[in-house]
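Letters A, B, C and D mark the chains in the order given here, with residues in each chain numbered from 1 onward.
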Amino acid sequence: MTPDPVSGVLWVPPIAAALLAAIPAYRVSAIVNVVASGIALMFALLLPLADRPGAGHLLFVDDLNVVFIVLNSFVGFTASIFSASYIEHELETGRLAPMQVRYYHAMFQLMLFGMNLALTANNIGLMWVAVELATLATVTIVGLYRTHQALEAAWKYFILGSVGIALALFGTILVYLAARPSVGEGMDAMVWTTLVAHAKDFDPSLLNIAFVFLLLGYGTKVGLAPLHAWLPDAHAEGPTPISAVLSGLLLNVALYALLRFKILLTGNSHAIAPGPLMMGLGLLSLLFAAFMLYRRRDIKRMFAYSSIEHMGIVVFAFGMAGPLGNFAGLMQMTMHSLTKSAIFFAVGHLTQVKRTQWMPEIGGVTESHPLLGWGLVAGVVAIVGLPPFGVFMSEFLVVSSALARDPILAGVLMLGLLLSLGALLLRVTDVAFGPVKGPAGPVKAAYLPLFAHLALVAMAGIWLPPPIVAWFQHVARTLG
Amino acid sequence: MIAPLLVQFAQMLLVLALAPLLTGLVRKVKARLQRRVGPPLVQPYRDLRRLMGKDAVMAENASWLFRVAPYTIFACTWVAAALVPTFATGLMFSWTGDLIVVAALLGTARFALSLAALDIGTAFGGIGASREAMIASLAEPATILIVFCVALIAGSTQLSNIADHMLNAHVGLRVSLALALVALIVVTLTENARIPVDNPATHLELTMVHEAMVLEYSGRHLAMIELSVSLKLLVYISIVACIFFPVGLAGAGAGPLAMAVGAAVYPIKLAIGGVLLGIFEMSIAKMRVFRLPNFVGAALMLGLLGVLLLFVSRGM
Amino acid sequence: MHGISFDIAHMLAGFLVLASFSMLYQVRLYALLNVLALHAFVLALSVAWQAHIQDAPHLYITALIALGFKAILIPWALRKIVFRLGIHREIEAVGGIGPTMLAGMALVALSLEVMLPVTALADPVAREDIALALSVVLIGLLTMVTRRNAVSQVVGFLSLENGIILAAAGARGMPLVVEISVAFSVLVACIVVGIFLFRIRERFDSVDVGVMDTFRGGQG
Amino acid sequence: MIAIVPGCIAILVALGVAGAILARAPVGRWIVYGGCLLVGSTSLVAGLIAIGGPTEHLVLPLGVPWIGMHLRLDSLSGFFLALLGLGAAGASLFAIGYGRHDQEPQRILPFYPLFLAGMHLVLLADDTFTFLFAWEFMSATSWALVVAQHKDEGNAHAAFVYLVMAVFSGLAMLLAFGMLAGAAGAYTFDAMRAAHPTAGVVAAAFAFALIGAGSKAGLVPLHVWLPLAHPAAPSPVSALMSGVMTKIAIYGFVRVVFDLLGGVPWWAATIVAILGGIGAVLGVLHATMERDLKRLLAYSTVENIGIVFVGLGLAMAFQANGFPTGAALALTAALFHALNHTLFKSLLFFGAGAVLHATGTRDIENLGGLIKRMPVTAATVLVGCFAISALPPMNGFASEWLIFQAILLRPELPQWGLKLAIPADGALLALAAALAAACFVRAFGIAFLGRPRTPAAEQAHETDIWSRAAMGIFAGLCLLTGLFPGAIIDLLAPVAQAMTGARMPVQTGDPWLTTVPVASSRSSYNGLLLFLFVAASGGLAAMVVRRVGSAVLRRVPPWDCGFPDPSPMTQYTAASMGQPIERVYGTAIFRARSTVDMPAPGDMRPARLTRTRSDPVWDAVYAPLGRCVTFVSSHLNVLQFLTIRRYLGFVFGALIVLLAALALWQ
């Protein structure tokens, strides 16, 4: 009998977390971390193929969350490989003590658990709890270095996150209140599948208010401007694998929660259309991040702002909705996760070897570290939306469906894209090219995650496998 | 077949034969106006013969370009002259190139001369070439605009057709034609390095343009260049004559009589042009180099005005 | 039966808003902490009343947590912190007390306004209950935004949270309320411990280790 | 037929991969450039066949899944494919030899074939996605090539400006296609052809296509990246960028305006014509004052692109007025000039590359006398200079002559805008042609003639056989297309027919291969005969003179008006060569200023002449834009350093705003 993939995805990380908390040897724990992530990934890959259990009160699996789970597990796996070599270097240089590493590994898996739980939850309350669990786990890792900056970043993340948590909870309560008259009291009124089925009978006004709170609550986690403030610092000060996971996964999970509620709202014809709100916030984030990128000097913070920008695009795309908009949003999100985590993999090793995140002190890395340097350049070329990478295709779809809807919006979108491209290129040109600055010693880097991601992204830009396309299209239709 | 060919060759020989004479005439007129006796009319021929007889003396570091340039310049000018109807319009090879081609051929000659001026690597060559380039950058567009003016009226850029049109159709007095004529005269003075643009007789370093470019030439090379200079003057006067005073030109397929008339009238036109040029040169002073753009630019503006008028109203 | 029980619930919620207002009004830290205790106490009463009328015994646990943890433990801990860290006893408010109060009024009006069209809650009283909870949440946030002092910001967060618990308790039959209140208590405890550990005196951001006053989220 | 081209693209991609793997091995160069040479030749032949052949379609299961990759090979893409193949083959041939000197071949070899692949794909694209994919891919790969020599100062910045402008152009093209696609969101070009857009849509699509293609082609005022980026790339790539990629942009413009839109209103034609004319003059003026050889060539590209756009503008004007034969003439002239520019600009960049390699400098002030040390390079570059200066009998003259004929064709166009624009264009083109001659006299004269100004120039050596072959072939082609313009015109006939519905008269039947654009009574030109005449007269003159006069040649020190000076530093410099023109035109347009710092008598320090000039377009458009972005970003940047309380304030504010909006909405 084959094990149930859902349980596998869900329970491997917490078991691994417990195990890792017990293992003192960092080499072993790094391997365990990779293996556990790999097992979770295998379960995740089984998910689309396996029979799906019926939706329970707590958990369920449908096409939408499978996309997220597979992506999550994949990036989690590659990040764990990267993390192994990253952490080894940190131990060698003495930036981290073995005890911290132990803690880090446990939290890494705990975070994965939180995210997987949030994704498989069929209960809006459980989902809320899971998102908070993942957030709190990352908060503690962000402060791992115990430097002042790291602690402050973690603190900022914690406070803003807590307020976000509170707002999201209030929204959840309001959804329950809206659902209660038609669904009945108790657990049923928090089960998502039931909620969707009855969404048309809900009180629209209550749903509206609920959505405002959920949008801001989960939007804080997504990193939408003006709720983004925690994001750049958390990315910049935490260990780089966590930056990759934050950008690649956690933002997606929060987005996923937002999407679930969006579906709910779309199901009720009297409620406000969530689309324009999301489009507005998305555009705001995009433009804001684009301008903010120009003044960045810290390389990780810069790419964090780029994540804000891309989440803006994704939210904009989902806000536009329609089969095309949703497809574009899904693809943009997937591509962003893969690309951004690849960038952070490269950046992580580079900052280790250059011993700084300060871009003016880094230069000519394509010269001193050709593979890492070109990996970074390829990642940036991908993330700014140039072919042959997949981000180009998804941004093309976003922009062209925006064009069909309203050229003015498309114009603003393009302005944001161009501005952010300019900013990223401006900085990365100096980092990647020109005279070599900073230490040029050899680096023990994990190239596999970096180039595997880039290869996937490049392939997606040229050719998407038809099954994936069909799947995404199906999901896009269910998103409305 | 044979007759047109003969006419064509006759034309080529005629311009070659008359060109030094025209230069001599201008010099003579200027000398007489200065109350000098001046050199005889045939002096340019003597000069040419003497130059050809001498050894060519060339700088050590001159390249092949320096040696090829005089012949190129001469050939281009000569072919340009061959394309301009002098006494008859139906030249056999007139369709080889139109007025634009004529102007461009002269441009090729100038290009070659400027390069040759730079070849030795002396300061004077550079002075000449750079000033020449500046002047030409205004004179050439002016020429093209004059061509436009005329072509728009005649409906053709072929010189033969233009001349026929001017001769036969009732063109009448036109503002744009008048503008074009004035512009063309200015261009003629400019392109031929005449006063007030340049003084063909000076070797004063601050003022010279054309002479600075040919300083390094001697012997047969210099002869070719001198001959080209004379030819060029003749080409321009011929163009003026052929477009604006086509009187006496033999039409296409005209008989020998008309040809003879044309051949008789043509030297008279040249002579009148030469005399007028001499008088004009004597009555005006040489300009400073950086006042030239105003002078040549005026021609450009006149040409543009003429073309604009034609575009806006066909009656002008 | 509904009439009187809802009236009481309504009244308690009203008290909570009043307590929130009095938080806005305070200029001294100790007084503020007293108000916080009162706030939590009113919440405990309110939740207990809900437990009673909804016949939901688990809500009593929530009420107990509110009473024990929020009304007693947290104010006590904060008092300790204020004393130990030598925090300035007066609250620095942005924009002055008067305008803040006016803003609070506006927030209550806004909450009522957005809740007005809600028809799902058949009973208008329940609707206003939620509206009051919303007011408490908004005023709590306002407190956080307008107070420069870390402790008073925690107080703001707590009152925000109280509003949420109020709403959750008021939502008849809502599951997980107890779990949520426990989770929140842990969160609040973390914040309080954090303040103490990081010696945050004046603001949330100045994790005070001396030099780091200049650092605010990195220059890059 | 069409299947060959995707095959070529696949081979190019494979070559790119091979280049990445074999970059450091000498054989890598042979494989990559040799392969590109073969592919380029194939494309040339395929393109030539496709011009006259039927329109072919192909759909590949790539790209956006539910659309697929639509490819189409028709006469227009066939012509540009041939042009691309020619340019690519030439550049690759040149690069086989030149590539030996690349310091870091691993930065060039992988991207060179990919760049070519991108350009191939643009020409075949028949849907929006494929087009933009290829368009941006072309930009991205060429960006990598621009940044290949990253250690030279300014190159990184050049690459940055380049890519931003390239992406800007892509976005503008996307807007243009989006306009054409309409609300239905059609992606295939066939759907756009079939659509009947409203006047407003046509106007918008035209404007965006002009901005998009114009900024990729280097049309003023969107040209600023071009003089930065083209010189920064390795010379074969510069040749490709200037000679071919700008033509791909022109292809994009023609495709949208003539094919997809099927005609635009007259005011659009006016704009194009005027911008083209201004661009031609501005570009060449810049070139005349430039001392960096490759940058000079890049500015000259701006000029020639302007000329092509003048031709396109005329074609649009004639089409807008229902005069297809005129449109055919103007379009043919424009495309012919595009081809010519590919030929001579590639040639000149090859020459510049050879000089750069031989002397290590691109600054013509440090050159001189190369004609003796690099005779083949000098001779071929001289041919290129003749051609680019629009002098008969070279090809540049033939195409400009055709454009002049188009200008003169029909003065009675009814619209006032065209009445003013067309004659003004005539003047501007004539001015540009004259200035181009001045510019290239200066460039060739200073770099190749005179005496060597530096030891580097003195020790220069002739370039390798492959480079010489490439330059020789292109010089020959410059001459051949100049001598037989009729053949090119006939070649272009199907293109003109497809785009304008008319064609120019058949040329090959004319006696003596004369070119007759409209009617023989109007104008005609015979480059072949003219060339033979000039050659015969020159030869004859030389023969006669040597027979009649003296044939002796004596070599002596230079005369120099009696001031023999041994120092080559006393030669005229490029700066002084350009000074008169700078003084006449530059003071007003470029705010060119010269200040002399003359030491007092007895002071031993040298006198200094400082010259400054600025690009008016940069000052008026780009600098303010840059300042604007800086202003906004530096003011927004405050948001990075706020206290948590303020960030919470944002959350609170957002909440209040949304709730208030909700209250109002209800």
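Assorted remarks:
Following the convention adopted for this analysis, contacts are C-beta pairs under 8 Å (C-beta built on N, C-alpha and C of every residue); 3 or more make two chains touch, one makes a residue touch a chain.
Just so you know, these numbers come straight off a predicted model, no measurement behind them.
The two chains most heavily joined by C-beta contacts are B-D.
Ranking every chain by how far its Cα centroid lies from the centroid of chain B, the top place goes to C.
Remark: the per-chain Cα centre closest to the mean position of all protein Cα atoms belongs to D. In terms of their C-alpha centroids, the spacing between chain B and chain C amounts to 98 Å. For this pair, chain B with chain D, the centres built from the Cα atoms lie 35 Å apart.
Rounded to a whole number, the gap between the C-alpha centres of chain C and chain D is 68 angstrom.
Work out the mean CA point of chain A and of chain B, and you get 77 Å between them. Counting partner chains per residue, chain D has residues 640, 642, 644, 648, 651, 655, 659, 662, 666 touching two or more of them.
Each of the following residues of chain C touches two or more other chains: 114, 117, 141, 144, 204-205, 217-219.
According to the touch criterion at the top of this document, the contacting chain pairs are A-C, A-D, B-D, C-D.
Taken together, the chain A residues at the contact with chain C in this complex read 125, 129, 132, 148-149, 151-153, 155-156, 158-159, 162-163, 165-166, 169-170, 173-174, 176-178, 180-181, 184-187, 189-190, 202-203, 205-206, 208-209, 229, 232-233, 236-237, 296-298, 301-302, 357-359. Residue ranges of chain C in contact with chain D, taken from their complex: 94, 107, 110-111, 113-114, 116-117, 138, 141-142, 144-145, 147-148, 153, 203-205, 216-219. Here chain D touches chain A in the complex through residues 61-66, 106-107, 128-129, 132-134, 136-137, 139-140, 144, 147, 150-151, 155-157, 159-160, 163-164, 167-168, 171, 174-175, 177-179, 181-185, 187, 204, 629-630, 632-634, 636-637, 639-640, 642, 644, 647-648, 650-651, 653-655, 658-659, 662, 665-666, going by the rule given at the top.
Residues of chain B touching chain D in their complex: 49, 51-65, 67, 71-72, 74-76, 78-79, 82, 93, 95-98, 100-101, 104-105, 107-108, 110-111, 114-115, 117-127, 129-131, 133-134, 136-141, 143-145, 148, 151-152, 155-158, 161, 203, 205, 215-216, 219-220, 223-224, 289-290, 293, 300, 303-304, 307-308, 310-312, 314. In the complex of the two chains, the chain D residues touching chain C come out as 640-645, 648-649, 651-652, 655-656, 659-660, 662-663, 666.
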